[in-house]
Amino acid sequence: MLTYITRRVLYSIPVLILSTFLSFTFVSLAGDPLGQLRLQRGMSPETLNNLKHQYHLDQPIPVRYWYWVQDVFLHKLGNSLVTLQPIWPDIQRTMGHTLQVVLTAELLALVLGVTVGIFSAIRQYSVFDYFFTSVSFLGLAMPVFWLALLLQVLFVDIYLKWNIRIFYTSGLNSPHGTAWSLDRLQHIALPVMTLCIISFALYSRYMRASMLDVLNTDYVRTARAKGLPEWRVVMGHVFRNALIPITTVAALNIGAVFGGAIITETIFTLDGIGYYFIGRLQALDIYAVMAYLLVTAVIIIVFNLIADILYGFLDPRIRYD
Amino acid sequence: MTEIESHADAGSIESHPGLESSTVAPMAQMPNVVALGEGVAAADSTVEAGLELKVRSQWSYARDRFVRHRLAMASLIVLIFVFGVGAFANFVAPYSYSAIDLTNILHPPTTVGQHYFGTDEIGRDYFSRVIYGIRTSMEVGIFVAIVSSIIGLIIGAIAGYYGGWLDNLLMRVTDLVLTLPALAILLVASALLGAGNQWRVSLILALFFWTGLARIVRGIFLSLREKEYVEAAKAAGSHDIRIMFRHILPNTLGPVVVNGTLAVATAIITEAALSFLGFGIKPPTPSLGSLVVSGQSNPQKWWLTIFPGLTILLIVLCINFIGDGLRDALDPTQRRVRA
Amino acid sequence: MPEPILSIRNLVVEFKTEDGIVHAVDDITYDVFPGETLGIVGESGSGKSVSTLALLGLIPQPPGRIANGEAMFKGRDLLKLSKRDLRDFRGKEVAMIFQDPMTSLNPVLKVGFQLSEAIKTHFPKEKDDAIKARVIELLRLVGVPNPEQRYEQYPHEFSGGMRQRAMIAMSITNSPSILIADEPTTALDVTIQAQVLEVMKRVQAETDAATILITHDLGIVAEMCERVIVMYGGKIVEFGDVHTIFGKPRHPYTIGLMNSLPRLTEDEEWLQPIPGQPPSLINRPRGCAFHPRCFLAQGRPRCREEVPELRPIEGDQHGSACHFAEELRERPSRFAEPVGGAA
């Protein structure tokens, strides 16, 4: 197992290098990194030239890429070319916030989705089933930004009409709010709900389909033929097998949700990594943008790896050596 | 509709244009004969009334199964209607999408002046804008689906058929694209390439959407190239391209169609999200996504947010149902119980 | 004649499908006697499996439906039992071996666990060690080498034949009175088939259970069974002891089956299949279900219009559902003596 992990990690490295190199080239070619600074008053041509030299902008792109890679490892992702500040503290802070929102949403979605999926399958064609199947179809068809917007508009409306603040519609905290307080909960409730609804739709649908597949297998029939009570058949045999594909779906989905968080964070103006990314992108802050791409690429790779490992763990037929 | 023989004709390379019996191996697992009370006598048996055979083509079976899927049929009708409205936008929309009327801003929906969806912050008729937005979404969705399907098909076919280092290389490329956070890259691409043009955005989207299909097609080619009829074809001297096209490719039609249909939906949603964030199709070209933006700045004017979003929701929902129906129709061997 | 241990009367099982109602089992009546091996023969779709699945309540009830009938076992009607009571029977009094050993065992659970589960669910008070010991002993009985090791392994680590042996072991853990084997060797290679049949014979000798052996392979029937029931189109068309069925068949279908067997001691140029196709169970032919393919019917109206009753032929140990069974009396038998050596 360890060899498998090592092999996978080693193999991801060239992919990572290639993708970052491509992104870097792309980003560098398309914009002038110092463009923003140039516009600032009081910037003498000398200062600009110094900066240009300092940041190796007079070198060809592969060389610049190499400097960037060095920056990543030695200087913790280096400094932004626009703000001239180190990038890492920003990434660290915003990442923490995004993780809080995303992990809460996904955990909730998983628990609810799996439960609903199980019951939908056991009580197939019941009212419960039809209701939640419709909900999941809606959830999967719903554009993220629209759902977020609707929730936001709804709660703004409630506040304006009745003056009660159930959930906050923007920001992470009120002034003096802390990371694990009720205030924070009220602030992240809506973004969490948004992400949760869509992931819930995915998980409940997959769980239901997976359960139904397993319920129709021969070995479940064998289990019944042995005289096991139905609840034992479901929990002991069906559930364990049905869960296997879900772990893959979940791991991959969570990796992807980090991308979708961009939209949610923008609408709710949360200080998360997605919001940071959009801001830096609009400012054409190349190194910060690269930092974001690197971080998200790593997250996706990590979660893909987790998906495979979990699968091998749960299914004894798959053994990686 | 082609009439297909009731048993697979292994290695039949000199097949007539209408009798591609060797090409549909996986689909041939469907029972092709139906015993009816009365009907056309079968080719080989001398049976009497009570046991006649009626040979039907694969496609008529698929079509039948799809039609039985009521939700998919209803969605198809709705979608045709909606896309029809979009396609004939110039005739259906009461106003042009940029007709400004500053005397009539932010008006709620009304029948007066045919402003069924109200007006926006500079008096443009929302109903018309939504209709033009539908047209844009439709064009983007179909373009992306077709282009990405072609790319995915080609790459998957080459990778699966030839295997070896070519397969490795192509799969690493696929992995590369998959590893990149799609939305982020799209945002970067459009920010830096200065997208705003509908076709550029569509092209960029298409360049990202082909990976799923490539994987599936590759799997099919990998498994089918070992089959005997391919060996027989090779032995008779058919060259690779012919084998790929004639024998293996038709088996991918099912997944291609299903995947392509769902890709339209994904493309529409993604484009809307991009446009909403300001990185997609820029005004004046209408996009349902950018229409929602005016809703964000005027939260009390509910119609600005609701109508474009509802339209997207409706389109995507219909496409999802149709995709479901197509999946049931074209892949009956799947032990799927319908949602 | 001893009392039957299982009496099935007028069993009717239907399935509701998109294309119509499938009459899988249409008014079946038969008995099973203690300790005997009863073979049920028929083509796919003849209803042979469905009739036994119905006994254990393993027919999924939404599309399926037991429309009529009773199955008396030890004084109780199995078809009318509550779910809880049915569970008492399953795996204890009546056990089943399924066709495909590849898919009949849960791939993510250890084999030993699955066998122990069969015991534990009926005897929850038993100690785990005792249960494990018994399972190992059973695995040894069915010829699984190294049973202690195999106990901890997963199904995919067993070969097909070994898996089927494990299934057999699982079915006899609680010494059932009736063992139903649904095509136990169909999915196996011929050589493995022979081994598994040996195991079954051994198991029968050990447990004295009555065995219902469902198969389409006449060779197995000849080797293993004492009595035989022939099914076609959801109905029983002939029954009798194995010598009679092979030596003096009195139904055109049975005769057709016997004729279609290639004979190693003869010089045959052509095989003799039964012409035509099995009937659709949704749109069955009127009258006798077999008449479109029957050499005896010859267009006679009675075959086309009247459903033949299962009636005794020369004593009630042998029955046939053919209007013109008498005409078959003088046919020379294809098998002078039975092919196998069943006792």
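Should a chain be cited, it is by its letter among A, B and C, assigned in written order, with residues numbered from 1 in that chain.
To be clear about the criterion, a residue touches a chain if its C-beta (ideal position, glycine included) is under 8 Å from a C-beta of that chain, and two chains touch if they have at least 3 such contacts.
Predicted, not measured: the structure shown is a model, and the values here were computed from it.
Colleague: Looking at every pair of chains, which two share the most C-beta contact pairs?
Modeller: Top of the contact-pair ranking: A-B.
Colleague: Most remote chain relative to subunit A, going by C-alpha centroids?
Modeller: So the chain farthest away from subunit A turns out to be C.
Colleague: What is the identifier of the chain with the smallest separation between its Cα mean and the overall Cα mean?
Modeller: B
Colleague: Could you tell me the distance, in whole angstrom, between the mean C-alpha positions of subunit A and subunit B?
Modeller: 26
Colleague: Which integer distance in Å separates the CA centroid of subunit A from that of subunit C?
Modeller: Inter-chain centre distance comes to 55 Å.
Colleague: At what distance in angstrom does the C-alpha mean of subunit C lie from that of subunit B?
Modeller: 48
Colleague: Touching subunit C in the complex: which residues of subunit A?
Modeller: 125, 217-230, 232, 236-237, 240-241, 244, 314-317
Colleague: Over in the complex, which subunit B residues touch subunit A? Could you list them?
Modeller: The contact residues of subunit B facing subunit A are 172, 175-176, 179-185, 187-189, 191-193, 265, 269, 272-273, 276-277, 289, 292, 295-296, 299-300, 302, 305, 309, 312-313, 316-317, 320-321, 335-337, 339.
Colleague: Considering the complex alone, what residue numbers of subunit A touch subunit B?
Modeller: That would be residues 12, 15-16, 18-19, 22-23, 26-27, 29-31, 124, 133, 137-138, 140-146, 149-150, 152-153, 156-157, 160, 205, 208-209, 212-213, 216, 256, 258-260, 262-263, 266-267, 277-278, 281-282, 284, 289, 292-293, 296-297, 300-301, 304 of subunit A.
Colleague: Where on subunit C does subunit A make contact in their complex?
Modeller: Counting only subunit C, the residues touching subunit A are 56, 58, 62, 83, 87-92, 95-96, 98, 100, 103-109, 117-118, 121-122, 154, 156, 167, 170.
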